[in-house]
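Each of the next two complexes has chain A plus one more chain, namely chain B in the first and chain C in the second.
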Partner chain A sequence: MLESLIHVCLAGLSKGMFIWLVASGLTLIFGVLGVLNFAHGSFYMLGAYFCYTLLSMFSDNFWLGLALGPLCVCAVGFVVERFFLRYVYHLHLPYQLLLTFAFVIIFDNLVKILWGGGSIGSPTVTGMAGSVSIAGRLFPTYSLFIMAVGPLVALGLWLMLEKTWAGRIIRAASSDREMASALGVRVPALYTGVFVFGTWLGAMGGGLAVPYVGLLTPGMGEGIIIDAFVVAVIGGLGSLKGAFLGALIIGLLSSFGTRFIPSFDMFLIFILMAGVLLWRPQGFFGEAS
Partner chain B sequence: MILTLKDVNTYYGTSHVLQDISLDVDTAEVVALLGRNGVGKTTTLRSIMGLTPPKSGSIVFNGQEVQGRPPYALASLGIAYMPDDLRIFPDLTCEENLEIAARVAKRSGYWNKSRVHELFPVLNTRRKQKGLNMSGGEKKMLSLGRALMANPDLVLLDEPSEGLAPLIVRMLADVINTIRGHEVTVLLADQNLRFCRRVCDRGHIIEKGRMVHSDTMEGIMSTERVVKEYLAL
Partner chain C sequence: MGRYLPYMAFGLLIVLLVCIGLFADRFVLYLTMRVMLLSIFALGYNLLLGRTGLLSFGHAAFYAAGSYGMALFYLHINPDPLLGILAGVGLAVVASLVIGFFCVRHTEIYFAMLTLAFGMMVFSLIWNLRDITGGDDGLVGIGRNPLLGFSIAKDSQYYFLVVFFFALTVWIIHRIRSSPFGLVLAGISENHQRASFAGISIKSYRLAAFVISGAFAGLAGSLGAMLESNSDPFSAHWTHSAEPVLVSLIGGLHTFSGPIVGSVLFVVLREIIERFTQNWMLWLGIILLVIIMGFRGGAMGSAEQYLARWGRKFREESAS
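Moving on to the complex of A and B:
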């Protein structure tokens, strides 16, 4: 029983870290630009497909694919922000949602055209294909790796935002974009930069998912974006700390749900979200408005 | 002239807030925008800074037409702004609030962190304090210090004396004289006539979005009709 619990926890933590990778970019973009980017899940999907294609080009070198794939998606993110999203910032939120949702449909179909509508089996990673024995049972090495990557990304983001000038300028602009602009911050360029960086985080999530999910399918971004949205909402929109905590909770909850009450798996997550919204509408670390 | 506004018209939505405002400010001068609450003083400063861009008219700064440029472009040309609500970044420390201005404006000159600390010693003792936890008076000094950190040629100060105790207002007057002594031109909007008389060379009076009177501060104060009609509370 105890072994089983440990493994459910481990599976939950690794799932949570995936959701965190996607939610971190979503949260950063919302925190700074104030845009809820539905297409963030598409960046995750594109990240996965680009990595897959690149790694098959480079004789199955996963790490090379992972390094280059998300960069290609960044170019896509740049186009989306610079030539589309920029023109709807001054409009109401529904317009931004509609535009980013349009991109979800466009990218899903683009993937179908370029890679085909069926699912693609993903390769294994050299050196991480195996399992290690934990508490008497086997646990995939790659999942352990993901559990290490998540906190590293969190630490990196924290250091970037707190300890570098780029980070301080980002924080200043996200709390008061008008005053930042009056001091000389090129806010439009900053927005593009943050959006592209957020895109990179989402695409990295997708790239890292290639060996983890086993199958690449068009529309694979939708499932994760819903989880990431739930995480962002319960953590407090725009709060990275909240997103990290939220991702851990959702990962564990869904892992326990799948193990003990499989038919209520998704239900549990939404019950939690409803509960959090009733008790604390701004989320764990959100600011009350 | 370091700054010349000609026939500036600014709107908030459909309301015509500034109507053909024209004014000028000479280099190293301290000029006041005077008038009662809600006549358009803040909007004039915001129009100059590009925060509420005018619909028409011309704004010439240091010989360049700048109307329609974004605020960050004006900041790098040498205009700094202290808003009436101070707008200290709550999440940054006192020191970071100062340094960010120097970093993003990328201009060099007399003002740096230690010079600002000389001017406002309390900012030195509050260095590591988050903006969020500073008092109103400290925020005012920080907001003014932050404007100077950009080494501007012109600072726009919105209600600098508002909410300050009389003794502090006198200190502020000294500070403004120090600032002008280092060749920074000041355009301020304030309702405290005694303060304006102490620091300003000239004044422009705005009434319901129109420029109604311009004169030296002494000239304005000695014309009873003007004071009564536009300035008396």
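Moving on to the complex of A and C:
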């Protein structure tokens, strides 16, 4: 019983860290730009497909693919922000959400055209293909690796935002756009930069997902974006700390839900999301408005 | 003249629909029915989005409530079509009343996220309660029994029932929009603080708009269940909630006829584009992009603008 519980916890933690990788970019973009980006799931999907292609076409080295794939997606993110999103910041919410939704539709179909509509089996990572024995049972090594990467990304983001010059400017622009602009910060360029960086985070999540999820499908972004929304909402829209904690909660909840009440695991997650929105709409770490 | 224009347009539309029903082939009939169902869904929805300014990502849940309410009533209680529609709409009203009660506490992004959460809750229930809803298979075998003595089993007969409900929806929504109630909704969307200072209970009005739009989603759902003779669990998925938004946007968010025109364009364009390529969704995405970047009024809004400009030019020329 105890061994089983430990493994449910481990599975939950690795799932949570995996969602965090995607939700971090989404949260960063919302916190600074104020746009809830449906297309973030598409960047995750594109990241996975680009990494897969680099992997199968050029070399067997997973890490090279992981380094280059997300950079290609950054170019896509740049085009989306610079030539489209920039012109809708001043519009009402429906237009912003629908613009990013239009990109979801477009990217889903482009992937279908370029890579085919079926699912693609993904390769394993050399050195991490096996499992290790924990508490008498086998646990995939790669999941342990994801569990290590998640906190590292969180630490990196924290250091960047709190300790560097660029981070200070980003925080300034997100708390008061006009003031930052008056003090000489080029806010539009900063927005583009943050969006591209957020895109990179999402695409990294996708690249790391290649060995983790096992199958690549053209609709894979739509599933993860809802998970990421839930996490971002629970933690408080725009709060990275909250998103990290929210990802842990959702990972564990869905893992325990699948283990003990398999028919209602999805229901549980959404009831938690609705509950947080009603009881504390700013989330665990969001600022009260 | 201008005052009677909407009524003339409405009469012409009904005559056209009846002509299609009498003379068109089965394929056109089916497409026209799909257009009308989508219009009913979107007309109700746009009362919430275009008029009250609330973006919901959960209305697919009410469509599904109508669809499953109709199906369950038919399969377990009574196979009468009119009672079935009533049951479907009833279930949708109850669902939207309960969900709406919680959702109208927020606006903007929090409202959108809350409706998304509740909508996905309904989806997960439909997906997992296999014994009641059939899980991923949905409910099948919904027949069309005679309605008040008239047979509606054939598509060409059922068509006129759909026309009836479509006309009813257009009439009711038009009445609501021009009623004091509808004007208050527009006022709230315009400036909710001012509306509340004027003594208006904003939440009750928002809830009323929410329930009305939910009821029409349910009507579209129950008619859809009879048309397809099944209930599909994915009709409750959030991606289906995006459909009335897209249709309203294509037709024009802030016009009355926008959702209808948008539905026609949506279904017709899909048929045309699917003849040539397999990537209808890609083109839909590009069309949306163009509309949001350049023609935010949608088809009807842009047409109105163009006509107004043209009319002004015409008057100036005739005056000089």
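Everything that follows uses one rule, which is that the second predicted complex is superposed on the first by the 289 of 289 C-alpha atoms of A that agree within 3 Å, B and C clash if a C-alpha of one lies under 4 Å from a C-alpha of the other, contacts with A are read in each partner's own complex, and residues count from 1 in each chain.
Just so we're on the same page, contacts are C-beta pairs under 8 Å (C-beta built on N, C-alpha and C of every residue); 3 or more make two chains touch, one makes a residue touch a chain.
Note that the coordinates shown come from a computational prediction; the quantities given were computed from them, not determined experimentally.
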Once the structures are superposed on A, label A:187 by its partner contacts, choosing first (chain B), second (chain C), both or neither. first
Touch check for A:169: first (chain B), second (chain C), both, or neither? first
Partner chain(s) touched by A:179 [first = chain B, second = chain C, both, neither]: first
Just checking: does A:3 make contact with chain B only, chain C only, both, or neither of them? Give me first, second, both or neither. neither
Quick check on the superposed pair: does A:222 touch chain B, chain C, both, or neither? Answer first, second, both or neither. second
Per the contact definition, I'd like the list of chain A residues that touch chain C in the complex. 36, 84, 87-88, 91-95, 97-99, 101-106, 108-110, 112-113, 222, 226, 229-230, 233, 237, 263-264, 266-267, 270-271, 273-274, 277-278, 281
In the complex, chain A touches chain B at residues 165, 168-169, 171-172, 175-176, 178-187
Show which residues of chain C lie in contact with chain A when the two form their complex. 49, 53, 55, 102, 105-106, 108-110, 112-114, 116-118, 120-121, 123-125, 127-129, 238-239, 242, 245-246, 249, 253, 279, 281-282, 284-286, 288-289, 292-293, 296
Touching chain A in the complex: which residues of chain B? 49, 51, 70-72, 74-76, 80-81, 83, 87, 89-92, 96, 100-101, 103-106, 146, 150
